[in-house]
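Here it is, the structure, as structure tokens.
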Amino acid sequence: MNSATNSGRALPRAGCALPWALVTPALGWTLLFFVLPFLAMGFSSLTAHDGGGFTLANYSQFFANPAYWQAMVNSLQVTAIVTLISVLLAYPFAWILAEQVPERWQRLALMLAVLPFWTSYVVRSYSWLLVLAQNGVINRALTGSGLFSEPVQLANTRLATVIGFVHFFVMLLTLTIFANLKQLSPSYRKAAADLGAGPVRTFLHVILPLTLPGIMVGAFLTFVLCIGDYITPQILGGNNELLMPQLVMMQIGRRGDFPLASALSIILMAVVTVAYLACARWLKIERA
Amino acid sequence: MTAPLVDISSVSHRFGQHTVLKNVSLQIEPGSYTILLGPSGSGKTTLLSILGGFVTPSEGKVLIRGEDCTTVPPAKRPTTTVFQDYALFPHMSVGGNVGFGLRMQGVDAATRAARAREALALVGLAAAFDKKPHQLSGGQRQRVALARALVIEPAVLLLDEPLGALDLQLRRQMQDELKAIQKRVGTAFIHVTHDQEEAMALADHCVVMNDGRIEDEGPPERVYARPATRFSATFMGESTLISGTVTKAKDGTTTVATQTGSFSLPGTALAGTAVALAIRPEHLVLGAASGAIRLGTAKVSDVVFQGSFKRVLAVSEKDPALHFIARVPAAAAVRPGDIVAVSCDAGDIIPLAG
Amino acid sequence: MRALVRIASWLYAAAVYGFIFLPVVVLVLFSLQATSFPIPPFTGPSLRWYDAVLADTRLTSALVNSLLVAALSSAIAVTLGFLSAWGFARFVLPGSALLRGLITLPLTVSYLIIGMGLLVLFNWAGVPKSLLAAGIGHVVINLPLCFAIIYSQMGDHQINIERAARDLGAPEWKVLLLITVPVMAPAIFAGFFLSMTFSWDEFVISFLLTRFDTTLPVEIWNLLRSGLNPKTNAVGSLVFAVSIVLVVLFELMLLRRKPA
């Protein structure tokens, strides 16, 4: 990654057309199918659904309508809960994989741990629906064991959404945290032990601080992916409680209201950007 | 005298605001082994890159075999480079690596293989033809890189710190082999290093560089015995440096006044100029003051045992800024704290511009 | 103390593995259900729902569509990503950092918003909903990924290897074909593989940008409307199996390449 800054052995200057010919297709694609659509969306968000001119009505609607507000609040709450639980579950798991599992089995153990990560989003959420349904596996087990006489409402709740999300992000975070733990030089641990720190203090003062940047990156990734996901809340949470992506899709699906959907998308993106800026200084991703 | 093989005239180069080469001119003779010696940042690697065609100089010209090659790309010029990290193609066999240049010239596969084998035999690696680079040791990779560059018979072979990645023992061994191979093939080698021992061992012609300039050039014996500048006196081997002022210059004898006294030396200089007197460690005499020039007494600060000799550091009693570096026999009984008389012969003093 | 930590670790790991595999096991188990509901009690094993999936032309053609879109969009993404990574790593371009930032920007935006933007644009431009439109969207999400992976692997050492080839007389196109592509093959392969899996699984962009011919995740979504159904289990298990095969192949290739 440092190739462009290595001045001692300078790179050829872009005198000829070749370098531009190399980068233009990718830049063109990004401009045409990412930047331009975004501008189109921005423009659309400033028009009225029923034709007519320039308006801020789509944005003011969001702030005026408590139902819309509520979707944002729900989204933020669910995302915060999911991120927190996922990190708390994944860290010890990654630590066990990296520290307690014998070296030669680690690769296999990790691969197994993240196997369902690679399956389709839709399929994963559907699988949880099977587990959580009114007459699904969990309810059968609960009523069958006599703990509950009636099935418990699990599907179509916020809990179901959270479980579905946590399932996915535990795997994602296990991957990132495991990689982080393995990157630490064993000398750190030895040095800490050598200087008289026990395992607990070594962990608290050495291992945890050193892996914190990795955790922050993973948590931010969780935040971004979670707040923008439509499938999991739609399949598992149902329509009892709407999250932002569901609200956006609803505008397109039911009413074909592209301007309002655009405005809501932009607001969602603004929230992610604010979150990014707020924790930007913890997100200094170091390049290996 | 024949025309030089390589003629670098008034080359300057800038990276952005930073000037790394300042008006450098240098000529390379056919069949010679030239070393570019200097600390990092001295511009030696940039000069090599300019010779190889990887960098086009901001100013100046490079002629190879009388042709202007200043802007000719690497592929089209009669030079090949051995890179510091060897830059072997990891996905090709050793034979494929060595034959690559011939393949680019359109040589058929059978001839290519035969010549690659010859080149590998030259560097003592005939058996490695079918191996992959990652199966070789560092020293062996180095030889493959050398064979790969030599097989296309360049007019000039450029070596960028070729021994830098090897451990000391292997480095000394490869040094001898490099020299032997160069003598056998007769190709002009230009070799960049910051290791002065390597320079002295290998060079026919040694070029000392510092801060984008050539400080000194010539046979290594001359550069060592009579360095042209202060930098050269301290970078190519160690020296004690005594600063002084010329007080009188007459009839081929110069008198220099220093903190430790006035000395008369052979040579001419303008009265009033500041000079530095350099003395090589092996020329300083400690204790029994047998030298003709008395440099006063000094307190020994450190004695470092180096096997065949002891390296002694001492501070002049008259001038605390003056640090003597001397070399005494391993058996000499010198200890830190000793007060010793220091002297030398007038002929061993090298006057330099202050 | 040490033994206690060990036992606690095993219990914890077992619990997390259980949590991770619970839905997968339930999915696959009830895909073998003999009766019409994928809920306890288990009545199988039976392959009748797999027969039903293979007999369903909508599903099979969606599967072919998915593979086609994934393969083509990944090929485009990895080609554009490789060329641009090469250009940025090898040449000094004005505004390089900014332009690189632009290429990787889509990584930070959720698929929903990328899909929305393309929907609005295509709607205005009169581009009909189609697999092609979805494929364009898949290139948008995978191009930055391929670029980032390949660019990060183009270090100084690779630069010297290419220089050596040029020095030995190779013209630019031969450097590319004989040196750069083979040397970068692991990164190129990783980019292609990741793009394949992401495209294969992608739902929301395909959902927004296709209409009649669509991809497998969207077709599965359509099946979901009919509620819990062992047929959905069967197709989900098949999708899972395809993903696993891809991942295992990838791992094996990585392991095989490792000594190099």
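Lettered A, B and C in written order, each chain numbered from 1.
Methods note: a residue touches a chain if its C-beta (ideal position, glycine included) is under 8 Å from a C-beta of that chain, and two chains touch if they have at least 3 such contacts.
As the structure is a computational prediction, the values presented were derived from the model and not from experiment.
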Highest-count interface - the chain pair sharing the most C-beta contacts: A-C
Chain at maximum distance from chain A, centres defined as averaged CA atoms: B
Inter-centroid spacing, chain C versus chain B (mean Cα positions, whole Å): 55
Chain A-chain C separation of Cα centroids, rounded to whole Å: 16
Junction residues of chain B - those touching two or more other chains: 54
Contacts with 2+ other chains: residues of chain A: 9-10
Where chain C touches two or more other chains at once, by residue number: 156
Of chain C, residues touching chain B in the complex: 156-157, 160-161, 163-171, 174, 179, 182-183, 185, 259-260
In the complex with chain C, residue positions of chain B that touch it: 52-54, 73-75, 79-81, 83-85, 87-91, 100-101, 104-105, 132, 134, 148-149, 152
Interface residues, chain A side, partner chain C - complex: 1-4, 6, 9-14, 18-23, 25-27, 29-31, 33-38, 40-41, 44, 89, 92-93, 96-97, 100, 111-113, 115-116, 118-124, 126-131, 133, 135-137, 140, 167, 170-171, 224-225, 227-231, 235, 245, 248-249, 252, 258, 261-262, 265, 268-269, 272, 276, 287-288
Chain C - residues contacting chain A, complex: 5-6, 9-10, 12-13, 16-17, 19-24, 26-27, 30, 38-40, 80-81, 83-84, 86-94, 96, 99, 102-103, 105-106, 108-114, 116-121, 123-124, 136-137, 139-140, 143-144, 147, 151-152, 154-156, 159, 172, 197, 200-201, 203-204, 208, 216-217, 220-221, 224, 228, 232-233, 236, 239-240, 243-244, 246-247, 251
